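Order of writing sets the chain letters: A, B, C and D. Residues in each chain are counted from 1.
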């Protein structure tokens, strides 16, 4: 059994790590931290986990790092950098924050408006898009989990750009997501009353921070600069991202590129027909992708769906941890979607 | 007081007509029909209306048409044609179905897959986009209410095409709507369990019937053929359409065209900044439109929001009826959005 | 036209006051306060009100009280006492907080755990249960709006206790309500993610503060001490309280007592059959009550439904203000429920 | 590996059986039936299961019963009787319908208004309340799954009645549940638009069919007739039952009786403090129970929560099947609740 810690266990991605690891055959949770809630029993923080036999919540500094095989950092952005920077250099880490996603610290500063606190650690970080960087991740010490919106969008767009089957200057991504992507922070805009039964765009016009990831990864894949147009929308669903991409390219070629990219993949599926619903992936580590011809010749529609807390963050993190620890990649992750 | 009948009063648009007309200063509801539910008291059909003093539900043939100033037809598609065709030729009618929206009966057959049952009446019908066809509507005997999705999309796109500020060959409309647009039919896909907490595309790839209206109206406005790409998505909200349009055009010119088109309009507003939420219009006859520059130069984002049952159908119908009856256009329609 | 101010206009009850007053024929909003958001335009605080011609948000001290006919205080609990205490003694006030609901300041301290800051003003306050205290309210300077849960429960239980048709020692009230009753405060337990798709009890076992109101009003009605058992539950709906009462009494006598109590009332209706849904009252100033025999002889079930923001607070406040200002009691309040 | 069939695989309990069995170490799904949808691939019926390697949907008569170790019947009420009646008499069956829950066929006729079609099979049926009838179930050929509401209510009330710590003549059960308990039938009252954001009682006043089960089981436990008062309410949540019981009894004795009844149970937990939320059990096979003193001395509040599709039907069915097949009772059922 591998022994891991989850730092930041009082947030939604922390809870999702616990949920998925509870069914993992080869990983045990050795420590849980939650600085502001240290000392409280888990059932006060997450009543749905009260029946599990879990270590109590402590402060990070109380954890014996030497006993660990790997650490999951589900800490707030920026806190991750300052914590990971002081870790022993041989401690394996999967970070779920945005702190190490951008390879160039200058890009981090540009998108996050603050200086990178651990630029010396950044070169070690591998971008956690498992299906693309599987080999690097297997050998990595530090993996930077992707943004959940970025992951869904990249699953849909990256193979098209890499294969040259879609015009990289005409990529539009219209995304629908729920509030859990923003974490468990008590802010007015995330209140039930502000979200139930409504839909609205946010972070539009080139301002959403995940664009840093899109730019980085799509440009790398294309071998040239790629700048997508991206509009996320908040809709009333706790789990789920639906990414609708409008591309200039032949639908059949687009489908072929996607099928080639994900052939044999356990968690990313290209549907033989139809488009996916977020309900088809809820609670699971799956990403489902559908392709359709649009009515204008030479234009295609590609839609991806995943659960932002599972495949979009905590599931992805465990998948990467499995690779880093030499475990079967799918261990603990073969949970079936929950519907209804 | 003008005396009207509502045919098809047991559906959601019927109920919305009753709700709004209950506060109308110059229109009284003289008759209500609901063929399959004739004879039942309204509180069995719509408990929220049980405190109003309403006529009982009867069959259409029991209504004395000669006593009416105007009829609202909220009947199923196709039924409308067969009913309206037999009306006295001087009876004013606002039809909420799709039956008279397409000027060319051949287009009707193409999109609805069935022959037009009243082609001889079709030439009389005016397309009910009030803010565009106000004068014709004022003089019309028969007004064909627009599709709710089409209305929201046309409010956003039509002025751009008419003013030539957006490339008519590169118009994408990504729309989010709720299930009430599909009516009160007991079908599996509209069940609570099939929709709550999820998002999915439907009617994509050029198949949605409202494309007939888009093609017709945008081509007329442009003076040439226009074919938009349109993807509607179902999200869990009862009332509301959010239409996100991606256009090739300068954001400032786009804004100017929209502001010019809706200057002085009581119900269609261009926001000075920001983008609208469906929550800002719920329950009201308002359509709010926002414009933003996209990050790619020369591309703009335009978002429109309206309540599909109010401005999108029953509110629009009353607005048109007001014009046809010589009443103030805004009578009965100045209800404030309900939030939360 | 009467001129009023709304203090605390950035909360949900403040927004609901604005929504309802926008359609009021004889009241105009002369001033709006929102201390922490003073200086911000209303559309930044409530986008759904952006099309109304409203005064800008100011601090309370900037308002010229002498120009006002009445003030609505939608301030947080405790702030109300300190603000109202310094008002001119002839300024009419409808307070929506809990600050003046309990006639005995000792009871206030018991339930709210803090000293009453304006005990000298308390004797002036009339408890705002309009249908019961109509005459006193008409002559009052200060009316204390009821708790929304208390109002719904009292509408159901008070007539039974007053008429002696239910055993006052065996009253159970199981209540279902949504999160807007707790206001617009950014707290974790009110987040969308914490509430959507779930149900749970809160404030149970005699701890909910509205019990102070229940004890006071039911004991007064009975002429003896009455202590109900009360369990509120949080369910995912923004607007609505459903109060299910289990009483020992004959269903027919219970019905008679309710019908007698609310005969001729415009806003409180006893249904001839069936039980109400919150959907039948959403957005309106109505309370609907249904009665059913329970299967155990001599036991009845009484269910009341109202919209907590409308009849439960802001609608009630306007109804009381109408009485205090000599206006028709129903002015501005005849809005039809919004369904779906 | 044990080989099972699921009859009625196109309903929600069928899908839930598939979801849970997909992770079962010792049971494989050998056949799936769905008469009206026979021949359709599963992804047309349940897209969330499209990635599983499942047998195709066939008609019941196409299934080779001799190859099966056990059959799960998730068929509509009444169909179950006619199907099971013709099964070989040594075929093990877990029935999820109401058809064999009532030991006395006369009671079945009374509550379901129709004659029992297989009275000769009824004596074999064991009522599927696992934690109570574990031994009988282990030896049974036919187990009748409990009603989901009945199960939750019985978990809460049965130990109190059996231990004599609550007055059996004063039991009130106020229950909140979601629409999936009513199955996947396309009926108006289960539409999204009819349920979202609202709450209402149904099946009240002694009419709900699960009362047949309550009467039967509580009377057996008490050794005398027991008739509870029961009011179920529909609230907008797909998975979950919250059962609030009001009992006359000492809270400490009540707690003791519950703790004694469920000591060592893997799936039914008595919380040391607090009351449960449905969110704490969603997607899991858990039932959580909380106890609180009520404010009136000698009265207690007991609240139970479970997921109606999991522990309330399909999870329970698998738990019973495990017993019948000699497998570990918890096999395949240790899934952690999904939150948010």
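Here is the rule we use: contacts are C-beta pairs under 8 Å (C-beta built on N, C-alpha and C of every residue); 3 or more make two chains touch, one makes a residue touch a chain.
Note that the structure is predicted; figures quoted are calculated from it, not measured.
S.K.: Quick one: which chain's Cα centre is the longest way from chain B's?
M.R.: Between chain B and the rest, the longest centre separation is with D.
S.K.: Using the stated contact rule, I'd like to know whether C-D or A-C comes out ahead in C-beta pair count.
M.R.: Most C-beta pairs in contact, of the two: C-D.
S.K.: With chain centres defined as C-alpha means, what is the inter-centre distance between chain A and chain D in Å?
M.R.: The mean C-alpha positions of chain A and chain D differ by 36 Å.
S.K.: Averaging only over C-alpha atoms, locate the centres of chain A and chain C and give their separation in whole Å.
M.R.: The answer is 44 Å.
S.K.: What is the distance, in whole Å, between the centres of chain C and chain D, each centre taken as the mean of its C-alpha atoms?
M.R.: Each chain's C-alpha centroid was found; their separation is 39 Å.
S.K.: In chain A, which residues are in touch with two or more of the other chains?
M.R.: 12, 178, 180, 193-194, 196-197, 236, 238-239, 276-277, 279, 282, 340, in rising order.
S.K.: Which residues of chain A touch chain C in their complex?
M.R.: 12, 178-180, 184, 186-188, 190-197, 236, 238
S.K.: What residues on chain B touch chain C, complex-wise?
M.R.: 12, 15, 18-19, 22-23, 46-52, 180, 196-197, 238-239, 269, 271, 274, 276-277, 279-283, 286, 288, 309, 334-340
S.K.: Under the touch definition given earlier, write down the residues of chain B that touch chain A in their complex.
M.R.: Listed in rising order, the residues are 169, 172, 174, 176, 178, 193-194, 196-201, 204-206, 211, 227, 229-231, 233, 235-240, 242, 244, 246, 275-279, 282, 292-296, 299, 301, 303, 305, 340.
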